[in-house]
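So that you can tell them apart, the chains are marked A, B, C and D in the order they are listed, and the count of residues begins at 1 in each.
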Amino acid sequence: MFILVNLKTYPCDPVAVAEAVRDVDEKTDARLAVAPQDAHVERVAATGVETWAQHVDPIDHGSNTGHALAESLAEAGAEGTLINHSEKRLKLADIDGSIRAAERAGLETIVCANNPAQIGASAALGPDAVAVEPPELIGTGTPVSQADPDVVEDAVDAADGVDDDVSVLCGAGISTGEDVVSAADLGAEGVLLASGVAKADDPAAALADLVDPL
Amino acid sequence: MFILVNLKTYPCDPVAVAEAVRDVDEKTDARLAVAPQDAHVERVAATGVETWAQHVDPIDHGSNTGHALAESLAEAGAEGTLINHSEKRLKLADIDGSIRAAERAGLETIVCANNPAQIGASAALGPDAVAVEPPELIGTGTPVSQADPDVVEDAVDAADGVDDDVSVLCGAGISTGEDVVSAADLGAEGVLLASGVAKADDPAAALADLVDPL
Amino acid sequence: MFILVNLKTYPCDPVAVAEAVRDVDEKTDARLAVAPQDAHVERVAATGVETWAQHVDPIDHGSNTGHALAESLAEAGAEGTLINHSEKRLKLADIDGSIRAAERAGLETIVCANNPAQIGASAALGPDAVAVEPPELIGTGTPVSQADPDVVEDAVDAADGVDDDVSVLCGAGISTGEDVVSAADLGAEGVLLASGVAKADDPAAALADLVDPL
Amino acid sequence: MFILVNLKTYPCDPVAVAEAVRDVDEKTDARLAVAPQDAHVERVAATGVETWAQHVDPIDHGSNTGHALAESLAEAGAEGTLINHSEKRLKLADIDGSIRAAERAGLETIVCANNPAQIGASAALGPDAVAVEPPELIGTGTPVSQADPDVVEDAVDAADGVDDDVSVLCGAGISTGEDVVSAADLGAEGVLLASGVAKADDPAAALADLVDPL
C-alpha cells in the first residue's frame, strides 16, 4: 500500500512531517512518501524520506518564468509528482505534457481525477498511477471508501478497462487505518492523505495509527 | 463520411456558406454540417443545414455570465458541438462536464485532441466521436492523412481500444476530395474542415470537389 | 442612470425580458439595456431594446474556434459589452485586448471588478465605464449600496483618480428602486442587475418599481 | 539602477549565476538580484545574493496543492517576486491577490505588463514597481530601449499618472551596458534581464560589462 502525504500549502513544518513519515516508513511494510511545496523539496528530500512534487508543468528547459520544471524538482530530490490535483486542474493536453515532462526527468506520476470516467481518461495517457478524489469529499474527514465506495471500485474498473498496468489510488477524507484498509479492500493500491496527517498535533502518531492495520 | 465545416471567427458570410453546405449535402451520400459562431447559430440553422456549435461550457442554467449554455444553443438550432478544439483547449474535468452538458441538451459531441494518447483519453469520457488534429498541421493546407498518416491510424486504434462505439474523425490541412478519401482509408469516419471551405472564393464549388470522390 | 439587466444563463425567456426592458425604457428617463447570451443577441436586438453582450474575447477575425468576436456580436445587434464579469474573469492583458476588440467593433465597454483597487486598474485601460461588484454580494439580494457603501464611493474615487472620463457603475444585490437611488447618491452613474429582474415573475413590474423613484 | 536577472527554467547552474550576480553586486553601485525557480530559492539565497521569486499565487496557507505560497518563498530566502510575467499572465483579480499575498509575506513586488496602458493598470494596484516588457521583443536581443523607446517613456508617464510612488523598470532584449544606460535615460529605474546573463558562457563577465557604464 502506497501512502502519499500531501502538505499542500499548510502551515506545518515540512521537515518535521517528513521526518515523521520517514520514521514510520521504516517500521512498516507500506510505502510512505510526502509531497511538500516546491520551495521545500530539497530540505524535505534531505531527510531521506521519499519526496514527491505536487505538480509539474508541461514544459522543458527554456523561457518559462514562474513554472515548475520536472528536471529541477528531480534534481532537488523529488522522485514522483502529482498531476492534475483537484486544486490544480489542468487542460487535457497539459496533463499529457506534464506526464511526458515527468517521465523525461525520471519522476513517477500520479494523475488525479474526480470520477471514474476521468480516471479512465487519465489512465489512457499512460501515467504510473491514477487517483480518484471526489472533490466534494476533500477535506471533509468523511472517507471516500465509506461515503462513496462505488466510486473507488468503478475507478479501478475504469482504469483496468483502459490499461491494467496503471495503479489506482484514492483520496479525500481518509484519516484512519480503517479507511486505508477499506480503500485496499475496494481495490485501491494506495491513498492520498493531507490534513489528517499534516494538520495533526502529532503527525508521527497519526501515521502510526494509519499504518497499524496494514 | 461526416464532413463538418468549422467557420471559426473567419470573416465569411455564415449564411452563404451554410447554404452551400446544405445544397451540396442534398446531392451527396456524405453527411455535411457547419459550425458557426454562437451569434450566428440561429440564422445558420434557419437555412436548414445541420448546425453545430464550436464549444459549450460545462455549466447548467444559472449565474454564468459570458458562457455558452448547451440548452440555448440547442434551442437556437444546434444539433451538435465541438468540445476541446485546439483553439479552445479545456481542462479534463471540463471536457467531461461539457460532454454531460451537451448530452443533457440533446447535442451530439465531438471531442478534439492532439494525438492518439489524448484521443484515447477523450474516448474514455464517452462522447459520440473524437477528432484527432495535430496542432502543427492546422491551417497549413498539408493534410494530416498525408503528412502523418500514422497519427490517424493510431488514433483509430486508441479510441477502439477504449470504446469502439466512439467514432473517429480527423482534421488539419484537409482541403481536397483526395484528402477525404485518404482519411477514410485510414479509418476515419469523418473530417473537420475550416479554411479550405470557409475561405474559398466559391465555397459550394470547394465542397462539391471535396465530396466528388466519395 | 444606466440600468443594465444581465440575463446570464438564466432559464428566462430572453425576448420577453427584452420586451419588458424596452417598454419600461420608453416610459422613463433612465437608460435601460439587456445583456442576453450570444445565441440570443440577434433575437433580443430585434425587439428594439438596447442590447449588450456579456463578454467579448480579445481576438480579431481568424482561427479562433469557440470564441466571441466583437464584430459578430455588433453585427447581430449588440451596442456594448461587459468585460471581466466576476463569472468570467480575464487576464489583465486580455481585458486590454477585449476593450480594443470592442472599440474596433463600435461596442461600448463596461469592465467589471471586485474592489476599488481593481476599479482603478480597469479605468487605466480606458473603457467607457467600470462596474464595481463585490463578489460576496452577487446574487444575495443585499445591495452593495447598503452592505458596503464605502466600496462604491471608493470605486468612484479610484476611477476618478485615474481617468475621470470613465463612468462608474455598481452591482451586486440590487433589486429595488431604493437601491438604485442609493447607488446614485454614492456617485454611481448606473447599476448592473441580474436575478432581481431576470428571475422575477413579472419582469416588467420589477423594472417599473426599480425606475419609479428616478 | 536595479538589475534583476530572471533565470526562468533555463538549463543554467543557478548557484553559479547567483554567485556571479553577488560578486558583481559588491563592486558596483547598481543593485543586483536574481530570480531562480522555486526549487532553487533556498540554495540561491544561501549564496548571499538578493533573491527573488518568479511568481507567487494569490493564496494563503491552506488547501492549495501545486501553488506558490509567498510565505514559503520568503522563508526560503526570497526578498521579492515578479508577478504577471508575460510567460505567466494572471487574471486582474489574481494580480491584485498576488500583490496582497506578497505584501503579507514581506516580499517586494514588480508587476510586469505589455504596454503603457497595462502598466497604468498595474500601478493602480499598488505594487512597489512595474516593468514594461513588449512581448514581441522578449528574447530577441533587440533592446526595448532601442526598438521602441516610446514604450518606455509612455510606461513611465502612465505609472506616474496613476501613482508616482511606483517605480518603473523595463525589459525585453536588454544585454549590454549601453542598453541599461538607454533605459535609465528613458526614465526606467531598473531592468529585467534573462538570457543575456543566464545563457552567457561567462555570466560574471556579462554582468560586469552590463554595470560598467553605470
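By definition in this document, a residue touches a chain if its C-beta (ideal position, glycine included) is under 8 Å from a C-beta of that chain, and two chains touch if they have at least 3 such contacts.
The structure presented is a predicted model; accordingly, all values stated were derived computationally and were not measured.
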- [ ] Tell me, please, which of A-D, B-C or A-B gives a repeat of the C-D interface, judged by over half of the contact pairs matching in residue number.
- [x] A-B
Task: Where subunit B and subunit C are represented by their mean Cα positions, the distance between them in whole Å - done: 33
- [ ] Return the distance between the CA-based centres of subunit A and subunit C, expressed in whole Å.
- [x] 43
Task: Computed distance of Cα centres, subunit B from subunit A, in Å - done: 36
- [ ] Check each residue of subunit A and list the ones that touch at least two other chains.
- [x] none
TODO: Specify the contact topology among the chains shown, as one of line, ring, star, complete or other.
DONE: ring
Open item on the list: With touch defined as at the start, can you tell me which subunit C residues reach subunit B in the complex?
Closed with: 6, 8-11, 35, 37-43, 54-55, 59-69, 71-73, 75-76, 82, 85-88, 138-139, 194-195
Task: Complex interface listing, subunit D residues touching subunit C - done: 84, 89-96, 113-115, 117-118, 120-126, 158, 161-162
